[in-house]
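First up is the structure itself, then whatever we jot down about it.
In order of appearance the chains are A, B and C, and numbering begins at 1 in each one.
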Amino acid sequence: MQLLHNLCRIAAPSGNEAPLTTFVLDYVRQHQASWQHQPRVVAHENLQDCLLLVFGEPRTAVFAHLDSIGFTVRYGRQLVRIGGPQAEAGYRLVGKDSQGEIDCTLTVDEETGELSYAFPREIDRGTELTFRCDFRETETTVQSCYLDNRLGVWNALRLCETLEHGIIAFSCWEEHGGGSVAYLAKHIYEIYGVRQALISDITWVTEGVHAGQGCAISLRDSLIPRRSYINRIRAIAAASGVPHQLEVEGSGGSDAKELQHAAAPWDWCFVGAPEDHVHTPNELVDKRDIASMLALYQVLMREL
Amino acid sequence: MQLLHNLCRIAAPSGNEAPLTTFVLDYVRQHQASWQHQPRVVAHENLQDCLLLVFGEPRTAVFAHLDSIGFTVRYGRQLVRIGGPQAEAGYRLVGKDSQGEIDCTLTVDEETGELSYAFPREIDRGTELTFRCDFRETETTVQSCYLDNRLGVWNALRLCETLEHGIIAFSCWEEHGGGSVAYLAKHIYEIYGVRQALISDITWVTEGVHAGQGCAISLRDSLIPRRSYINRIRAIAAASGVPHQLEVEGSGGSDAKELQHAAAPWDWCFVGAPEDHVHTPNELVDKRDIASMLALYQVLMREL
Amino acid sequence: MQLLHNLCRIAAPSGNEAPLTTFVLDYVRQHQASWQHQPRVVAHENLQDCLLLVFGEPRTAVFAHLDSIGFTVRYGRQLVRIGGPQAEAGYRLVGKDSQGEIDCTLTVDEETGELSYAFPREIDRGTELTFRCDFRETETTVQSCYLDNRLGVWNALRLCETLEHGIIAFSCWEEHGGGSVAYLAKHIYEIYGVRQALISDITWVTEGVHAGQGCAISLRDSLIPRRSYINRIRAIAAASGVPHQLEVEGSGGSDAKELQHAAAPWDWCFVGAPEDHVHTPNELVDKRDIASMLALYQVLMREL
């Protein structure tokens, strides 16, 4: 879990993913020699801060978003959200501006709900603040800010160790309306002919999806994937013996939104571990669901 | 109206259009010999469950969406919507799961509005339910679930009987946020150079659009089409003598949403009969408006 | 300011930009001989009513939307909005229908908020109405309807006088959900390899952005641009000595929405003067902010 801890503490809110891109690129360069198969690494300005790892002759692409939720300093002591963070008075926020490092506390106006910060000085306009990482591990769980989606990134990187054929796509802006998957989808479809996707991201513990019962395969969220693709995935998962759960929601979304609306015929499915305390500094995931997620991706990438 | 009846009773909610695609493909194969001109049939995995019929040297494409609204079984006895169906207690819903055929009744919690079903057993998670088809025909009207948009599909298929130049595009996911017209639009523009569209879909009877007074030409809905294209269509319609009405709305949408936002310069116009009891099992259309719709498409496809 | 006055009084609501396109084309033809460098003018049906001016070897594109907000006549005396105009009883609206010129008055139902008009006769269904232009200039300010975005268009045209390398893109539908920037972005990226954008549009005077203190550089609005691009722009602006302000908002949008979601890796930044009385007939801008805007675009187009 050291890799996951490292991933969770890098500040990379939507629009400023570059520090995490650099970390992932470095990680790949340091570790790829021990992987069973070597990927082509695609990273250049025409992919902005995204990154592709292309293994063998790919049939399926795994999308894992790099960015996280957070806050932007507006005027005076106002904050506006990056993505949809929970906002509870007392959360510790960190950042950096022209005057140096910042470690402050979130405040919430009880009447208006307006967000602010407690800090001895004013912070520069436009500064990004993210949750301070307090990484907690037990025998059965991990807890931290940003398991959504550093765990999805972790899953993708661990998957690389054994992957023979497939594409890993690290995307940007997922938490704040999207903005990179449209061009990644076009690039991948046009260059590699791939139009099957798995979304390596984190979902919610709910009345129907429970911690510890395995990775969730989402049959739908706010969008509805193509039924025939979902049915193939369900059949492979069922035959594999890997524990998993079926999720059905009417809301929520992921990088799949951009695939669904892309000018290419993408089939997609969200496959990810569920977490509790979503979008807080205390996101909590059961280790059995992490193991199940990685195992499921390994079998799906072989058989899809 | 036997064709329309057949179309209305096929379950094909958004994301699972394949049964209707198969039906339409079979219909085309069985009937195209009697058509005045033979189309090229384009159907392959890179169009997912969509279908193109290309006649002659096309200048204009007709979009008719295959999918319908419905419900997905969530956890326990909960239902979530596919698209925007009206939900009234007592509507009969049909489907199929691992235990067999389902014919159940919609229930609505009076306080929370939560949707459920009455059935002797629990239905599998993720099962799709659609309105049971009760097709009613009088001398002057047809009434059924899913006239939106099986009547638009019917119009497109009847148009094929005489069409010389043009493309018929059967699309998916229209009722649930879209997801196929972006790539159909790209394919059609790049391969055939076509960028004029008519949306063969069903609209609403309102204070300004009345049953029996002819097919509606929409001057705008939530989106605003290019005025110069609309003006050409209005001029052709006026000169044709075919009865029609002009619609102006501030809400609502269609496959045109994806054309409007496509990375190609599509001109589009919604042209369709109005219905009453929208998105219920009792959608009602006047036969004069059906006749007007087909006649208008015939002249527009010749003269645009 | 005669050019700005001329621009403000041309009716060109979203979807019917053609009259302004014609005006701009004529203006370019009449004035380009006096410009330091000659652009290629790109205007054809495959760009609908948009227009591109391509100077030298472009690295950056300036987007200025041609369209304005307004109203469409619905049924009887009802009006529906084009874009998001403020609606205050007594605003004068102008237009034209089959019976001739219209100069009427906006009315607002106090209880329902429904919009209507006072005029001796009924106006044709589907007629577009726009604010009547009352252009007011003082030594320090200009005031009129439609400074948003005729001032952005004015800025782009004045920029042409000295521009050596760059693209000016005049877009459509910005006020009403977009619809042209997707294909402009694709065209520009594929033909010219350009993926840097500046949005020449007008923003709001707020508690953090004040009239007279210079053009605003937006660090974010409802969307978040790529931080590394924004940082480059801030550095160039700071070194230039041109007065400017930094804006941070959680809402609002521009042509950049379509760039952000395009299937190409666009970097973008909104750079524009702030106005008061947004989306009314009385939009007010300080002349110092207009001067700052043009000066800032000149330096940014040289150095980006």
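As a convention for this text, a residue touches a chain if its C-beta (ideal position, glycine included) is under 8 Å from a C-beta of that chain, and two chains touch if they have at least 3 such contacts.
Predicted model, so just to flag it, every value in this text is computed and none were measured.
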Original post:
Same residues or different residues: which describes how subunit A and subunit C meet, taking over half shared numbers as same?
Top reply: different
Original post:
Since subunit A and subunit B share one sequence, what rotation angle in degrees maps the C-alpha trace of one onto the other, as a multiple of 5?
Top reply: 120
Subject >> Inter-chain centre distance, subunit A versus subunit C - centres from mean C-alpha coordinates, in Å >> reply: 36
Subject >> Per-residue multi-chain contacts in subunit A, two or more chains >> reply: 262-263
Subject >> Contacting residues of subunit B [partner subunit C, same complex] >> reply: 195, 206-208, 219-220, 222-228, 246, 248-250, 260-265, 267
**OP:** Within their complex, state which residues of subunit A touch subunit C.
**Re:** 14-16, 18, 45-49, 72-76, 80-82, 125-126, 128, 173, 176-180, 182-183, 185-186, 258, 262-263
